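Dumping the structure here so I can ask a few things about it.
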Amino acid sequence: MSEIFGFTAACLVGLGLYGLIVHSSALRKILSFNVLGSGIFLLLGVIARRGAAAGLVADPVPQALVITGIVVAFSATALGVALIRRLDEDDEEEGEP
Amino acid sequence: MSSAALLILVLTLPVAGILLVVVGGGRQARGISLAVLVGNFAVAVGIGGAVCRTGRAVTYSSGGWTAPLGIQLRADGLSVVMLITAAVVALAVGVYAPNEFAVRRGGVETRRSLAFWSLLLAVSCAMNAIFLGNDFFNLYVALELLTFAAVPLVCLTGTRATLEAALRYLLFALTGSALYLLGVALLYGNYGTLDITKLSGLVRYEPGMPLWVAVALMTSGLAAKTALFPLHLWLPPAHGGAPPSASALLSALVVKGSFFLTVRLWFDTVPGQAGMRTGQLLGAMGAGAIVVGGVLALKQERLKLLIAYSTVAQIGYLFLMFPLAGHVGALSGGMLQAAAHAFAKASMFLGAGLMAEVAGSDRLDGLRGMGRALPLTTCAFVLAALSLVGVPPTGGFMAKWQLLSAAFSAGQWWWVVVILCGGLLAGGYMFRAVRPTLVEGIQPAAAIPRLREWVVLALAVCALLLGGFSKKVLELLDIGRPQITEMRP
Amino acid sequence: MNAVYGLFAGLSALLLVVAGFAVVTRRHFAAVVGFTAFGLLLSLAWVALAAPDVALTEAAVGGGVTGVLLLSASVQMRAKMEVLPSWGVRFIAAVLAAIVTAGLMLVVLMLPDEAPTLAPAAKESLAFTGMGNPATAVLMAYRALDTMLEKVVLLLALVAVWSLGRDHFWGGRPDFDFSTQTSGPLLLLARVLVPVGVLVGIYLFWVGADEPGGAFAGGALIAAMGLLAFFAGVARPPLVGSGWLRWAVVAGIAVFLIVGFGGFWGAGDFLAYPDGLAKPVIVVIEVAMTLSIALTLVLLVVGPPGRRP
Amino acid sequence: MREFYLLAGVFILLTVAVGLTRVLLGPRGADRMMAAQLLGSGGIAAMLLTAAGLESAAALDVALTFALLAAVAAVAFTKSSGRAARTEED
Amino acid sequence: MSEALDVFTRIAVSLGAMFFLAGTVGLLRFPDTLSRLHALTKADNLGLGLIVLGLLPQVAWPFGALKLVLVWVLVLAASAASSQLVARKVRGGKDRS
């Protein structure tokens, strides 16, 4: 049954890729990157759920990988947003001398 | 502590250095970093000694948890060569680093001093983690560590152009690592382990479409991070715009990180199983890089951009090893190229930095008379250029020679044409770069500390020595390699 | 179990609609709102997938710090609408995305019937770690090296963000909205909510050893409370040059390293925990980590110094 | 009973998701924000129902986290739409 | 006894869901921002309140119940504070983003 989420994950990856290609603004690219990342994490979640065994409802290893991945994705978002903010500030300074 | 514990030491030493730099502020940053980098080099050599002595790969399981549940670190011949190369380059960049990254005694910390030194150590840490990693997710974290160290290095000066280059680089790198991670997820879903050694055993008996989708995703992600043609667009503005110390790190080391992972994937995880076509495709992209990068380098008017485009071209050679996989000389040629390019390119970028400091800009037509103003640097520059072009007896020559002989023994003559063409192009653009420095002209009296010039020369000499000791290096590269029993038809 | 099926299908449909909305809409602000909603739905999906630890992390990060971060960027962006490329480019992108999606779906269908799993191995070793929560055991014991490196990534992201400041502001405070327009309800909210939130954050980290939770979820929640305090003006972002701040930011990794090398003489291996002492040692690491995580996340959101020291 | 919880949760989720169209329609920042807020409380309600339906005690903690963060998001939205309005007037 | 409680739960949860439906309809159909705000607060406070009330007999005592009530109180506080902020802005009449 968790395959439904597997399909969802595949679609999210596709959506994220689409956004990464078509958007011109960096903010939207970063947002799309997060959607893409969520798709990958969800796929790992499905893999974890399928790996239920030995009395555990899911394989904890992929779940732990997802938690680490969320931290890394957040760090990337923060760095990207900081770059965007800095570039926008520069724009404003140039616009209003 | 056994010699295997050195593997953990080489990972944690730079981490400890970063912590000290952040806590101590910029003031002691230079001293702390140099001490750590010297230690890093010593440990890398120690690991090399241990590998040579035993003639086998050294492994270490963190916390005593063995794979597949735990994470294993593994040093084989490839790791050792790259570890030592990276340690030398990082140390050289640290010694070279100009005063703008230093804080005067009793002065306050500056933005650049804190950022530069911690990022330098972070590059060192990430490279070590990549060379020793034997677990694909551990390697993902290391890869991201490298991204976070590299992106801010691009825009250390804070000019608009470099900020834009950094943002573009970040987006490329993030997309690349996302694709890589997707492949990692598929590998786990199919084999239940991410340990390279374990995986290589499993895929031999259960290859299949999921495996190839995973490998394709990982390879394309890594290619984007390595700036393989046609995904190279982010590289020239980033490497050409960064401060010279940063450019040297980016061009010599950072792109090699994702490349090294591609080698681990193709030569260690799925050895001898890659289809003919995929290998040819990667080789074709490499050939495209060699030609397009070379032609674009010919057109540049600024020295640093020329060197950056030369990196695009030289990366192309690295990917010629994939269509030739399984033939003697392919792997060793590629790895020699990675090391020789690291030394030569670091020397060039650092040398270009000194020249730009003297001339006031890095425009090619402003470099006349550099030979007189900075004799050591110019000498190093010529040496490094010879290695990049592939003139005997440099490391660059030995690398290309290995690749050529692999192409001959594989009967794939078209790569021979590509390599020779690339050599001609490199000769052309390097001539354009070197010629003005050797022509008479007037340069302001150089006020460059001699030590910085010596560093540049030392790196170029390393590229030369790599050619001289290539036999030893080739022997070292063979240690701990998986035995490839089956050869592709 | 038809209802569970309905939950899965409904959630999936909603996830796709909302993610599609966030990716496709031309308004930046609407895209950010959509993405926040997406995070909420994703948390539900994690609960449904029996991954409560991930659900908590996603909720704390996605609902809090990421939302504020993206909003701050969307507000500054001068253009409020996205300019999209020509139909041709969009069409090619859509085809490419569709191919990848279709390929992935196929691979999902081809996943081995008998899923390979490390669950038995993880369960077997659980007793040695003294933990009751297998996900925490993976993060803090089996794959502790990853967790340590990932904390270095976080620290490095902070250095990177700081390095984007301007030289003359160095050592100063981040210029984050700690504005003077504080209104009564906001002040009250901050005074009531912040202490409760910090308590819940500590609780999340504390139960993490045996039940779903963990240092990162707790730290992220505490970080969001810090941001609320800045918004209300009851606290100001710290000076990036201050000594205590530097110590606090590195504390998590430092303790990790000390424990790691202590493992050499205590248990013979780096990051090996001595018999019977595993749990207290891990809790010590997690305390330091929660502190560092909370602070680092706050600092990542408020950005580089933007005012003179 | 468990089915009932889950179905109620899905029902509420679908309902508030329709409200998201307000984010597109606007016209004011306040309208967009309210839609997000409704989705927030609807999501929390769905989370509580899922907690009961799947007998997952941890989902209660997730709901608690969201409840705490709902206020942070609301304040961030208010502040940012205010600033957005100001920049538009400039 | 437990059957009676179940019936109670069903009624309360259904009523709560209806309030969410009403809130959404109001948000979409009401003509101006302030009346939409009114609809929203109803859904928030009463809808979630009824669901919490309905679930109270079903969760573990005392911590589960405590958490449930805490959730409701927190959402109440957040919604009160933010609707006041919104209302103030709307009356200021300048907000149009």
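Observations on the model:
In order of appearance the chains are A, B, C, D and E, and numbering begins at 1 in each one.
Here is the rule we go by: a contact is a pair of C-beta atoms (placed from the backbone, for glycine too) under 8 Å apart; a residue touches a chain by one contact, two chains touch by 3 or more.
The structure displayed is predicted, hence computed values, not measured ones.
Note on connectivity: the fewest steps through touching chains from chain C to chain E is 1. Once chain C is excluded from the assembly, the chains that remain, linked only through touching, form the groups A, B | D, E. Per-pair tallies of C-beta contacts place A-C first.
Here the CA centre of chain B is 47 Å from the CA centre of chain D. Between the CA-based centres of chain A and chain C the separation comes to 11 Å, rounded to the whole angstrom.
The distance from the centre of chain A to the centre of chain E, each centre being the mean of the chain's C-alpha atoms, comes to 30 Å.
Centre-to-centre separation between chain C and chain D, using Cα means, comes to 19 Å. Residue positions 4, 29, 48, 50, 53, 72, 74, 78, 80, 104, 111, 115-118, 122, 142-143, 146, 150, 153, 156-157, 160, 164, 186, 189, 193, 196 of chain C each touch two or more of the other chains. The residues of chain A that reach two or more other chains are 13, 16, 30, 43, 47, 50-51, 61, 68, 72, 75-76, 79, 83-84, 86, listed in rising order. Residues of chain D found to touch two or more other chains are 4-5, 29, 33, 35, 40, 57, 61, 64, 68, 70-71, 75, 77, 81, 84.
Listed by label, the pairs of touching chains are A-B, A-C, B-C, C-D, C-E, D-E.
Against chain B, the residues of chain A that register as touching in their complex are 13, 16, 20, 26, 29-30, 33, 36-37, 40, 43-44, 47, 50-51, 61-62, 65, 68-69, 72, 75-76, 79-80, 83-84, 86-87, 90.
If you check the complex, the residues on chain E that touch chain D are 6, 9-10, 13-14, 16-17, 20-21, 23-24, 27-28, 33, 36-37, 40, 43-44, 47-48, 51-52, 55, 58-60, 64, 67-68, 70-72, 74-75, 77-79, 81-82, 85-86, 89-90, 94-97.
Partner chain A is touched in their complex by these residues of chain C: 1, 4-5, 8-9, 12, 15-16, 19-20, 22-24, 28, 31-32, 35, 38, 42, 45-46, 48-51, 53-54, 57-58, 61, 65-66, 69-70, 72-74, 76-79, 82-85, 89-90, 93-94, 96-98, 100-102, 104-105, 108-109, 111, 115-120, 122-124, 134-135, 137-139, 142-143, 146-147, 150, 153-154, 156-157, 160-161, 164, 214, 216, 297, 300-301, 303-304.
Residues 69, 137, 141, 144, 147-148, 151-152, 155, 160, 163-164, 166-167, 170-171, 174-175, 178, 181-182, 185-186, 188-189, 192 of chain B are the ones that touch chain A when the two sit in their complex. Only residues 1, 5, 8, 12, 15-16, 18-19, 22-23, 25, 60-65, 68-71, 108-112, 114-115, 118-119, 122, 125, 129, 137-138, 141-142, 144-145, 148-149, 151-152, 155-156, 158, 163, 182, 186, 188-193, 208-210, 213 of chain B touch chain C when the two sit together in their complex.
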